[in-house]
Amino acid sequence: MSGFDVDQVVGALRSVRGEWRDAQKRSREPAGREFPSRDALSVVIEQLKGALFPMRLGPSDLRHDGEDFYVAHTLDAALHALLEQARLELQYVGRHAPRAATEIDAQAREAVHAFGAALPGIRRLLDSDVTAAYQGDPAAHSVDEVLLCYPGVLAMIYHRLAHQLYSLQLPLLARIVAELAHGQTGIDIHPGAQIGSGFFIDHGTGVVIGETAVIGQRVRVYQAVTLGAKRFPVDAHGLLQKGLPRHPVVEDEVVIYAGATILGRVTIGRGAVIGGNVWLTADVPAGASVTQAGVQNAAPVGEALAVAAR
Amino acid sequence: MSGFDVDQVVGALRSVRGEWRDAQKRSREPAGREFPSRDALSVVIEQLKGALFPMRLGPSDLRHDGEDFYVAHTLDAALHALLEQARLELQYVGRHAPRAATEIDAQAREAVHAFGAALPGIRRLLDSDVTAAYQGDPAAHSVDEVLLCYPGVLAMIYHRLAHQLYSLQLPLLARIVAELAHGQTGIDIHPGAQIGSGFFIDHGTGVVIGETAVIGQRVRVYQAVTLGAKRFPVDAHGLLQKGLPRHPVVEDEVVIYAGATILGRVTIGRGAVIGGNVWLTADVPAGASVTQAGVQNAAPVGEALAVAAR
Amino acid sequence: MSGFDVDQVVGALRSVRGEWRDAQKRSREPAGREFPSRDALSVVIEQLKGALFPMRLGPSDLRHDGEDFYVAHTLDAALHALLEQARLELQYVGRHAPRAATEIDAQAREAVHAFGAALPGIRRLLDSDVTAAYQGDPAAHSVDEVLLCYPGVLAMIYHRLAHQLYSLQLPLLARIVAELAHGQTGIDIHPGAQIGSGFFIDHGTGVVIGETAVIGQRVRVYQAVTLGAKRFPVDAHGLLQKGLPRHPVVEDEVVIYAGATILGRVTIGRGAVIGGNVWLTADVPAGASVTQAGVQNAAPVGEALAVAAR
Amino acid sequence: MSGFDVDQVVGALRSVRGEWRDAQKRSREPAGREFPSRDALSVVIEQLKGALFPMRLGPSDLRHDGEDFYVAHTLDAALHALLEQARLELQYVGRHAPRAATEIDAQAREAVHAFGAALPGIRRLLDSDVTAAYQGDPAAHSVDEVLLCYPGVLAMIYHRLAHQLYSLQLPLLARIVAELAHGQTGIDIHPGAQIGSGFFIDHGTGVVIGETAVIGQRVRVYQAVTLGAKRFPVDAHGLLQKGLPRHPVVEDEVVIYAGATILGRVTIGRGAVIGGNVWLTADVPAGASVTQAGVQNAAPVGEALAVAAR
Amino acid sequence: MSGFDVDQVVGALRSVRGEWRDAQKRSREPAGREFPSRDALSVVIEQLKGALFPMRLGPSDLRHDGEDFYVAHTLDAALHALLEQARLELQYVGRHAPRAATEIDAQAREAVHAFGAALPGIRRLLDSDVTAAYQGDPAAHSVDEVLLCYPGVLAMIYHRLAHQLYSLQLPLLARIVAELAHGQTGIDIHPGAQIGSGFFIDHGTGVVIGETAVIGQRVRVYQAVTLGAKRFPVDAHGLLQKGLPRHPVVEDEVVIYAGATILGRVTIGRGAVIGGNVWLTADVPAGASVTQAGVQNAAPVGEALAVAAR
Amino acid sequence: MSGFDVDQVVGALRSVRGEWRDAQKRSREPAGREFPSRDALSVVIEQLKGALFPMRLGPSDLRHDGEDFYVAHTLDAALHALLEQARLELQYVGRHAPRAATEIDAQAREAVHAFGAALPGIRRLLDSDVTAAYQGDPAAHSVDEVLLCYPGVLAMIYHRLAHQLYSLQLPLLARIVAELAHGQTGIDIHPGAQIGSGFFIDHGTGVVIGETAVIGQRVRVYQAVTLGAKRFPVDAHGLLQKGLPRHPVVEDEVVIYAGATILGRVTIGRGAVIGGNVWLTADVPAGASVTQAGVQNAAPVGEALAVAAR
């Protein structure tokens, strides 16, 4: 009927969808959407940001004496919305071996309960991140500026929430939350990464941190740093083995300058300094400094290594 | 009247606009906007995403038995909105040698008709991209997760639509679509780039792919990879020559790790592996692996080259 | 009352907030928000973009003969909204030594007045940036395309406004504006950076330019270029010294290719060319070209240095 | 915590809610809302208005050749949303004697199926109403004006949809739809009222038509006309008897002028004319005209009776 | 495909639309909407309300020193949007005898130009209405309260704008504006009615004023008053004659209490008082008071007539 | 500059505004808006409706176990927003004799505190209204239907809140709230009217109840009933005397049928029944029934009087 052969295109698209569903061996067509919703999670995270930092990230007309009312209602709403998404993930993940709805519900409730209980600890960690950014950046004027302006801090708010979801066996929700941060900041942290307190990412665009990375306390990294895998281990049948440790361990108080690439399950010792653009696939002892020219054990970190734009 | 000398600033701004218009030799003032609209195209692309993947990227309350109704209406609306934008581009491009409105209209209709007819093929290519991401990433749990979470897949949805517009002589519309993806994902693919099926961009931030790049099937690239021009050829008068092939040809099943920079009309042979951060301005034979240390013909790709953060 | 122990979590969050406020030695609780608002500034910048480029970035139904009406009203609204934010910054900054509201108001008005008066000059500079992008990129079809599509131009609109705020002693507002651009484009320019006319950033993702950088006229940079600090100078007590020049000086007509890192208060002489991925911490003479292989004084810039993806 | 004793008020409100729930003998607290949603029905009706009159009440950018695509998708969405509301009504109504969800679902589906099938007939009736208004009002310029401007026509669109819901045993949905019209037009037609084709309400504010009213074809009424009940019949126990015919029967081609009040199960004979402000509780023979001064059998309708403001 | 036979219903609806279009003898299908838009006019009226009363009905953050900027931009936007609607009406009205687009455009421009020029006079009339309400209602506390709260004043803002459109030969636009007021206030004034300065409608619900009514200065009416037609004059062929005077003439300083109905081209003399619920189809001499009991020439208006709810 | 002489119209409008301000003797121009905001109050009332009936009029996804969190936060927000509006009214009212801001603030806080404390009592009264409607209307299926669908109940929610504001010396806020209800329901109740528990308005369009009306318990009224003033008392100087009792007193269990008009400070005795369209300006003894034909003391209310449309 339309001048653009819409009916014909609709038919052709239907065929392609059919091919795809056949290829995916989907015997049963879902009636509706069954996957957790990015939009719904985006709302949940906004609510949680407000509940964690009510006077800074909550509604602009909030007053101090109404903080707890706001936090209680917002938290209540956020946790129940998260519960719905958790149910969707558990149903989706178990779709090939369906479980009773009550069982899924119980598991989801337990996870969300634990998630809520973890929030005060997450706030405390985020406070340490804010402090680290404030102390580490000569251009920072106040902790409030850091909280409200720094993309590295924003990325950590998302990561610490995503990591909690990951730890509670909700990896899809965690992944969606991580990508929400990635889209806004250009910082790509896998929700599985373990990151200690006082973590500071400066500038941030292009940072990539992998699933099994372990990062200690008071670590600082700059833009375009990669903490990646050197190889993907395969089993005897040539299939990828999942979950094996394959990303770096970065000990306390390490500094990694912009563009550095560290690959594999290597350990960067406490207090080491990795120079800009360095390519690194081996352990680094504590206190060492690494430049493009080589490793200098226990050498004081020279001026030449600082790559920051403040 | 206002405390901020608004009248005076308005006058000064008017003068500067006048200078600019004079410098651009705009003899005639347009009555209104004549350029295609970024906002309108953004809506069109959202509609097309829904029409291509109705149950995943369409409205959240869509049910399977209403898919075709939704696809037909959405497609009809999207194509007609696109028609309006195509007319705007053709008028704008031809503004120095105005053509009859009917002629422009006919050309726009023909282009949009062909665009609509190409959509099933685009969906099939995107399915191959999703499959490639799912198979190539040990951290991917399902094809749905890949479609909904991976920025590299999002960038390819935009690119394959933009490339179709580019091929139909609508380069401005194509460029706007490409920048919509760039802003969301940090992945900058020129709409002219030819990319085969099963293309997978992991992490993605900082990837740049140039206009005349040609990429084969089942190629994989990581974050911050550049496929750029080595030089801009000039003609006898020193003017830039447009449209000459100036970006790499990447053959089937090549892998390019993070931060690698490949410049000029070189060819990366089938199955080659380019290591992280490599700087490359020469051809690479099929099956070779290139690291910062040099080229190893037909050598097995070593562990040390894999730069991924999963 | 809720199944998620909301009351208990609320109490624990209150305790953590108390700890933080104690740590920050906040003797007095603010009644409401006291920090400038990112959302409010975002609206102001959108208004200013429209006032600067009414027919391109203003409302889509604006006609030429209504331009000045639109500009006057929009500017009036934007400047008064900015005045409110300026007051908030001045109050916040001076919160430890409160001043009279009238004094703050007078200072804020003076700053916004000067800001308004500077807008015509900013428009002229932005016109030069648009021209530079159009002339420098073989893929650009028109100045309108450049203005509407190029993230590098978008980043410069934000930067030139942010730099003006910074120059008027409103560094927090300036910083918020800079981060608005960073989030949209992946280009991170500190508002303190001084940038001459005709500046062109191609692709842009990952560019970082520091606070005391000084950039001349007609300079061109590509994606992932860093103009950073080599060290953070400390005083006799080991405390960071603020505001000292610590970023590069880039003279007129320099070109810096993708991924180059230039650190410290070095000077890149007029017309020099810095190759892709170069790591540089020393002065470069005028006319020189620097590649990964070394410096070639006054050598013609070879093809091999051009790293662009058009 | 707040200056307004919020905690105390919250507690007192909780007590009052408890009293109410006790008074209603609600042994079981609902987990969430169980009543059909006014907002959801409002959306459904907007969709149905568009599906019935796509080029007039559908989206403003609809073109003729996309009508069917729009109608199909919109109808599909509206019917499924209505299905959800129908389920809610059936569950709510049967809350004291819960039925199996599948049984409720089957009944709801059957009702919505029949509702959909009735839509073409409803459109035909509405066309007759539009024609009647156009022919009956000297001020009407076109049928399009009538459809788009006349509150009496708007009220009939709602009524004919509401009456269909009422006939399909969904009286709550019907009532909500009727009140949506009442709020917009000041015309209060009970969804049970049976109204023939070609019905025209002029001006309309204050019109009230009762549940068991029966109106023939080509009837015309003016503002503030009431077709009400004279008494509420009670049974032997003094309880109200529901559903008994208690409102007027108005035969074909009757005209009722502004402010007339007709009460009880009286019959107004074919072609009768009821004058303005008349108070009437008795039958009127066919062709009669009734004024405040009395009944004139078969008298021609005099000028004095016409109360219209055109 | 859907469970609700959507395809079949779509087909049946298409048939009914076809019948209707045939009945309307529409030989040619319009490509898109051709009727003026209620939504667009609603926006125009909101803009005009702001332009007429900037500090009371304009944006809440407007300051006094920005009034003229706001008024100029808003007026410019409103008049151009109105121009588009005027073109639509003229095209629609002349659809059976198409005229050149330039001719229609010229007529529309002339009308809108005259409309703009009339606005200051309209504001002056509305000021007189506000004053009348303030002086006439013992419950009114201030002129601002009257402007912002009284539905009778709101109705007059719409009416005075609608009447201007009607006078400029744009009766469809005028009608749509009148119905916007009717829907919000329950007051139905035909845009043709001529109403002098200082008109006050108290409460207002149910007021109906006809097309050829002529109302003098300082007249006051209460809720549910009708100024209607007694008969619709017909010509020799029995066809309705349009445009003949058929509604009352109400001279200066008349008061009409609630529920009074005045029909036909009668004259209510200067200063007369018409009691509540009176039914009147004859002239009333100046200074007379009319109650349900009869006419009392030149009698002082007694207490018994005042029907107001303040 | 524009084709519509915008500059000239702007100037003329400025002149008219000047005339008005001169006429109002406004020596000082306000910098901004000083009147309470209809939009802000509309939001407050929506919040209060939710706080009063959380599971029915609160957010659709509220669950029972989160009721108190929602009520607390919503109430806190509503009361503080109301406080701001109360301040605006007090400043506005006292603008001719300015008081200290702290004094105004204290008065506003006290009023809002008392308002909050009154809410539980208001909820209890509204429950009685809902019960009355359910018991009095044979067509009502449930108390929930009554609460969610009946315009008479909606009007009472607004009235009981408005009356509380009126009692707390905030008559402007009260008036705005009353007009919000009037616009939605066509029911115009002055906020000063005192109305006992169990009040039921059926249909409602056109009901007008005046400022000093006093209504007992369990009273029922139908559409278009007026309880108005018979005269406006004047003092020795001929000026209107404000605040004197001038509207009817309606004792317990009275029923007033549609269109009845009762004027002046008359008393309608307990249990009396007033027939439809009756015009009444004298006392009615308890138990009497009044029809258009006269008063029947203590007569049983006959069938003929019931004017209802159920």
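Order as written gives the chain letters A, B, C, D, E and F; numbering starts at 1 within each chain.
The definition used in the following text is that contacts are C-beta pairs under 8 Å (C-beta built on N, C-alpha and C of every residue); 3 or more make two chains touch, one makes a residue touch a chain.
Computed from a prediction, not measured in an experiment: that's the story for all the values here.
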item	value
Repeat of interface A-C, chosen from D-E, B-E or B-D - more than half of residue-number contact pairs shared	D-E
Centroid comparison with chain B (C-alpha atoms), farthest chain	F
Chain centre separation in whole Å, for chain E relative to chain C (CA means)	53
Centroid distance [mean C-alpha coordinates] between chain F and chain E, Å	26
For chain A paired with chain E, centre-to-centre distance based on mean C-alpha positions, whole Å	60
Chain F residues counted as touching two or more neighbouring chains	2-3, 6, 61, 63, 66, 68-69, 72, 75-76, 80, 186, 205-206, 224, 259, 277
Pairs of chains found to touch, sorted by chain label	A-B, A-C, A-D, A-F, B-C, B-D, B-E, C-E, C-F, D-E, D-F, E-F
Residues on chain F engaged by chain E in the complex (per definition of touch)	2-10, 12-17, 19-20, 23-24, 29-33, 35, 37-39, 92-93, 171-172, 175-176, 179, 182-183, 186, 188, 190, 205-206, 208-211, 213, 224, 226-232, 240-242, 246-247, 259, 261, 263-264, 277, 279, 281
For the chain C and chain E complex, residues of the former touching the latter	61, 63, 66, 69-70, 72-77, 80-81
List of chain D residues in touch with chain A within their complex	1-3, 6, 65-66, 68-69
Residues of chain C that touch chain B when the two form their complex	51-52, 54-56, 60-65, 67-68, 71-72, 75-76, 79-80, 109, 112-113, 116-117, 119-120, 123-124, 127, 138-139, 141-145, 148-151, 184-186, 203, 205-206, 223-224, 258-259, 276-277, 292, 303-304, 306-310
